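The following blocks contain the structures, represented as structure tokens.
You will see two complexes here that share chain A, one where it goes with chain B and one where it goes with chain C.
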Partner chain A sequence: MFILKILVRNAFRHKLRTFLTILGITVAILAFGLLRTFINAWYGGVEASSASRLITRNSLSLIFFLPLSYKDKIRQVDGVKTVSWGNWFGGIYVDEKHFFANFAVDAKSYLDLYPEYILTPEEETAFLRDRKGFVAGRKLAKRFGWKIGDTVTLRGTIYPGNWDFVLRGIYRGRDESIDETQFFFHWDYLNESLKKTTPSRADQVGWYMVGVSHPDLTPEVSLAIDRLFKNSIAETLTETEKAFQLSFIAMSEAILIAIELVSFVVIIIIIAVVANTMSMTYRERIGEYAIFKTLGYRGWRIAGMILGESMVITGIGSFWGILLTFPVARYAGKILSNYFPVFKVPAEAIYMEIVASFIVGILAAIVPTWRAIRIRIADGLRRID
Partner chain B sequence: MAPIVEIIDVSKSYQRGNRIIPVLQNINLIIEEGEFLALMGPSGSGKSTLLNLIAALDQVDRGIIRVGGIDITALSESELAEWRAINVGFIFQFYNLIPVLTAFENVELPLLLTGLSRKEREEHVATALRVVNLEDRMDHYPAQLSGGEQQRVAIARAIVTDPVILVADEPTGDLDKVAAREILELMDRLNRESHKTIIMVTHDPRAAEKARVIRRLEKGFLNDVHSQDSR
Partner chain C sequence: MGIPLSYSFRNLWTRRLTTVLTALGMALVVFVFSAMLMLAEGLRKTLVETGSSDNVVIIRKSSATEVQSGVDRYQASIVETQPEIAIGQDGMPLLAKEMVVIISLSRRDNGGEGYITTRGIGKSSIHLRPQVRLVEGRLPNPGSHEILVGKSVAERFKGAGLGETLRFGMREWKVVGIFDAGNTGFKSEIWGDADQLMQTFRRIVYSSILFKLRDPSRFEEVKRRIESDPRLTLEAKRENQYYAEQSKMMVTFLRILGTSLTIIFSLGAIIGAMITMYAAVSTRTAEIGTMRALGFKRLSILTAFLFEALLLGLIGGCMGLFFASFLRFLTVSTMNFQTFSELVFDFILTFDIAWKALSFSLIMGFVGGVLPAVRAARMNIIESLRST
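Entry: the complex of A and B
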């Protein structure tokens, strides 16, 4: 108790310096936590992916289509339970600033395959009955103030023209990791329109979504599907939904690595800042450490005082940093909701913040502690004179 | 009286760059139990160095120092720390109190290394502060005390463990005349009434007058013995 009293009083001996150091730690830990949250958000789709779903796409690139006729062949592969398909629509609502993901899907099979998108039975029925109907995620509908029955027009980019849709359902995610900002509508609506306007583009599918009866079967099923279309005009690449999501993330891997590096650089900088504070503290108190030694205090007790003071300062800064991570991340999540539908502080970011704070506290105190242990009493007392 | 401190053929030098500077040379000194010794000499004569060696704050190059029959030159760093905590009370020129602790807490510091309970520690601290007549200032921080009061707190801290010897390095060097006299009277009282062995380094002849024996150091050598027992 007495030692704790000394630690706290010593820590606040230079109030301004301590306050600024604590502020620095708070900002650094907060920045670290936000960057980790940002990285986690990037992988949000991967975390939400199912182990029993496969994605089949053109082996050359996602921008090349697959024939609609593949669906029946895929259905016949052993282990395949459900087959759905979709196309990226890329429509613009009002203007480019209002970006959100929108795609055409085979509605019935898609809803069967993605039970994490929860609709009421009435909404589901209404959506399936209306060919021009669409479903929006709860956050997306809230963002634009859409209500059931509203007509929404998207300007097509890949598929030119103005496309009208009627909102028939607002889904909510099964849990917090589910993206609630998506917009999907009937693939048949798109396909029938294409048959009229540009028949050469009809009956083409962007990708197939394949439900497998058991997650253990995914390697065999994916091989079987790709084997089926080998040497055809459109060879396929089938991979797990997770691998499919990761392939998107891999495109921006350099950015992610840079962010990860920055998050660690922030910690290194704050170690230097706290180490500087502790070094100043050490220099000012050499005489006091000598007095403690004179009174019979051994080196490890002095070490405990310096290390403890460093931990007190770092602990307070980190506490505020961790505490602030939540509201700031919530605010950042609102701003970035167009790009990161799920922007939530992961538990792992908090653990890393705690570990980082311990590392900062310990590393910053190592040199002053070592020097305080080693200092000869007579030399220390001479500093006072 | 039995000898409490025996210094036998002690030498000490410091290294400054490539140069070795001898500070003490072949010092022999016996200090009796209950003695009040003043070590005098000009600056650089080695008196503070000798005091540091007696209090085990520094190590000899050669020779033996026995305190209470224990050869302290043969003890390890950690043994010396323990030995100092029990056997030596320190009084410094600049008081050297810990500024973030109250007078009470400063005096309590040496007792935290003992096995005393909190209540026992409080009793000891109260007694020590009573001896130096500062019971009513126990909750004050050093910055709230005058120089003389701070030195009295330092004396209370030095005596609270009831050490074998008290070492004082220029204890009045930073005090005005009145405060210096009070401190010297307090030390004199500790010596006469509590039979504390005191070894004091001082420049000040008026401070030395309070001692029973004065030894002079000059250029590392110990000179004459001047006994003031007739006082």
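Entry: the complex of A and C
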């Protein structure tokens, strides 16, 4: 306890400098935590994916369709429980700035396959009964102030024209990791309209979602599905929902790596700042250290004092930084909600912040500690700064 | 004035460790700052150079990209007869009816997926894009299963090198040529015969029509005619405009990211500079008193310390810029979610960026140094002389 008191007293001998250093550490640790949260948000969809769902898509790429007739063939594969399908609609609400994901799905099977989207039974029946109905996530409905029964018009980019939908349900996510900003409607509405306007584009499915009876069966089932359509005009690629999501993230990994690097740069910056403070502290107290040595204190005791002081300063700064991470992340999440539907501080971000603060505290004290250990008493007493 | 300045300069040298540490903090901030600017510049340059303002892209109304668009043959033949279209050396209009799809290829390095724009080209497609240049092999024969591959695709994707074959759409496609397209987006594309590719992908419509204007100033005229023709459901855009719109989201994203990172990081560095300068002032109280006693004005003291802070910032700025200049050797490839395909661009260092980065470092030095310098200038002679 006595030692701690000395360390804290020493740390606050230069109030202004210590205050500035602490402020710097707080900002840096906060920035570090936010960047980690940001990286985590990219992986948001992966976390929410289920192990027993497969995605079947055209092996050429996602922009190519699969025939609707595949649904019955996929259903016949051993181990397949549910088959649902959907198309990316890519509609625009008002203008491009109001972007959100919107797609057409086979409603009944989709809701069966995705129990994490929770609708009340009344809403579900209302949605299933109305072919022009749609369901929106809680956050999306809140963002535009939509209420049940409202008509929403989307301008199609892939499917031309203005499309009217009626809001029949607002879903909630089962937990925080579920995206609550989606918009989905009846695939039949899209398909029947296409049959009238452009029959050549009807009965085409963007991707199939396949529910497997047991997670262990996914490798065999996905191989079996792809084997069915080998050497056909529309070959398929089936993978787990997780692999599907990860393949998207991998495509923009350059940006992720850059952000990751930058998050470490901020730590290096703060190490430089704290190391600077510590080396100045050391320089001012050379005389004192020499006196300590004269009194018979060993080098490691003095080293401990410097290291301890560095840890006290970083500790206080990091504490505030970690504490501030939560409110600031919540605020940032609100701003970025269009880009990242799920933006919350993950536990590992906090662990990394703690580890980072220890590293800062130790590395910043290395040079002054090393010098203090090596200082010769006569030199220390002679030197005036 | 000379003495306070050289005094400041020599102080930085005497306290080397502190100087280096403070400058290092600033250097890293300048590094991040200029890296972001270089990235944005690279992206901008790629977009600007990809399109030409003499060319016009025709796509279906309200489709944002070529991939979403569809132009049927009847509509294409109407567009083909517009009088504003330039005529090539062979007497044919400089116009290409193209088909654009995206296919997935696996990467050479880790087998990961990449979405590559694949363009079915017409006879004039290459003439319409002067940036595109054949570097290896030959042009594909029209009507054959031969493809031309952009340089960055050939380097990075399996089966896309010269002489190799790619398999898609139940056919083998032989790579007969590699093309370079400077800083444009075309170097991450695959080109093949439009009719063959349409057959392969079971497409009955073109994606877009590209043509060169006889006179660039007549764009508005042709745009109005095409967009008001009741037989057409098309819209016309200048090519450079079209490409700029395609990566609006990306540019905005990078700008927001860059700005917020720089602001947060510069806070840290400014604090570092402040600590250093406050320490510089407090350890030299007696020296400041001496200088004042010798007759140096408050203003000289203020200038000396500000100069010291600015010098510190400049050192950091030069260091940061030096490291950032090595980024020019890096190429970034990432997914553009607006077009759903790969976009490749480089870091580009311009004089403008170097200038911005250095002035940014000076600003950081100034902000960090101004309060300590004011404190130094306001010191009382007697009291400061008394302190040891």
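Definition applied: the second predicted complex is superposed on the first by the 383 of 385 C-alpha atoms of A that agree within 3 Å, B and C clash if a C-alpha of one lies under 4 Å from a C-alpha of the other, contacts with A are read in each partner's own complex, and residues count from 1 in each chain.
By our rule, a residue touches a chain if its C-beta (ideal position, glycine included) is under 8 Å from a C-beta of that chain, and two chains touch if they have at least 3 such contacts.
None of these values were measured; they are calculated from a predicted model.
Touching more residues of chain A than its counterpart among chain B and chain C is C. In the superposed model, A:190 makes contact with neither chain B nor chain C. Of the two partner chains placed by the overlay, neither chain B nor chain C lies in contact with A:225.
Legend: residue contacts after superposition of the two complexes on their common chain; A:60 is shown touching chain C, with no touch to chain B. Of the two partner chains placed by the overlay, neither chain B nor chain C lies in contact with A:104. When the two complexes are superposed on chain A, the residues of chain A that touch both chain B and chain C are 385.
On the chain A side of its complex with chain B, the touching residues are 2, 5-6, 9-10, 13, 287-288, 291-299, 376-378, 381, 384-385. Contact residues on chain A toward chain C in their complex (touch as defined above): 16-17, 20-21, 23-24, 27-28, 30-31, 59-64, 90, 92, 96, 155-158, 160, 200, 231, 233, 247-248, 250-255, 258-259, 262, 265-266, 268-270, 272-273, 275-277, 279-280, 283-284, 339, 367, 385. Interface of chain C with chain A (complex): residues 15, 17-18, 21-22, 24-25, 28-29, 31-32, 60-64, 67-68, 101-104, 112-115, 168-170, 201-202, 204, 233, 253, 257, 261, 264-265, 267-269, 271-272, 274-276, 278-279, 283, 332-335, 337, 340, 342. Interface residues of chain B, counted against chain A in their complex, comprise 49, 52, 55, 57-58, 77-78, 81-82, 84-86, 90, 92-94, 96, 98-101, 105, 108-110, 112-113, 157.
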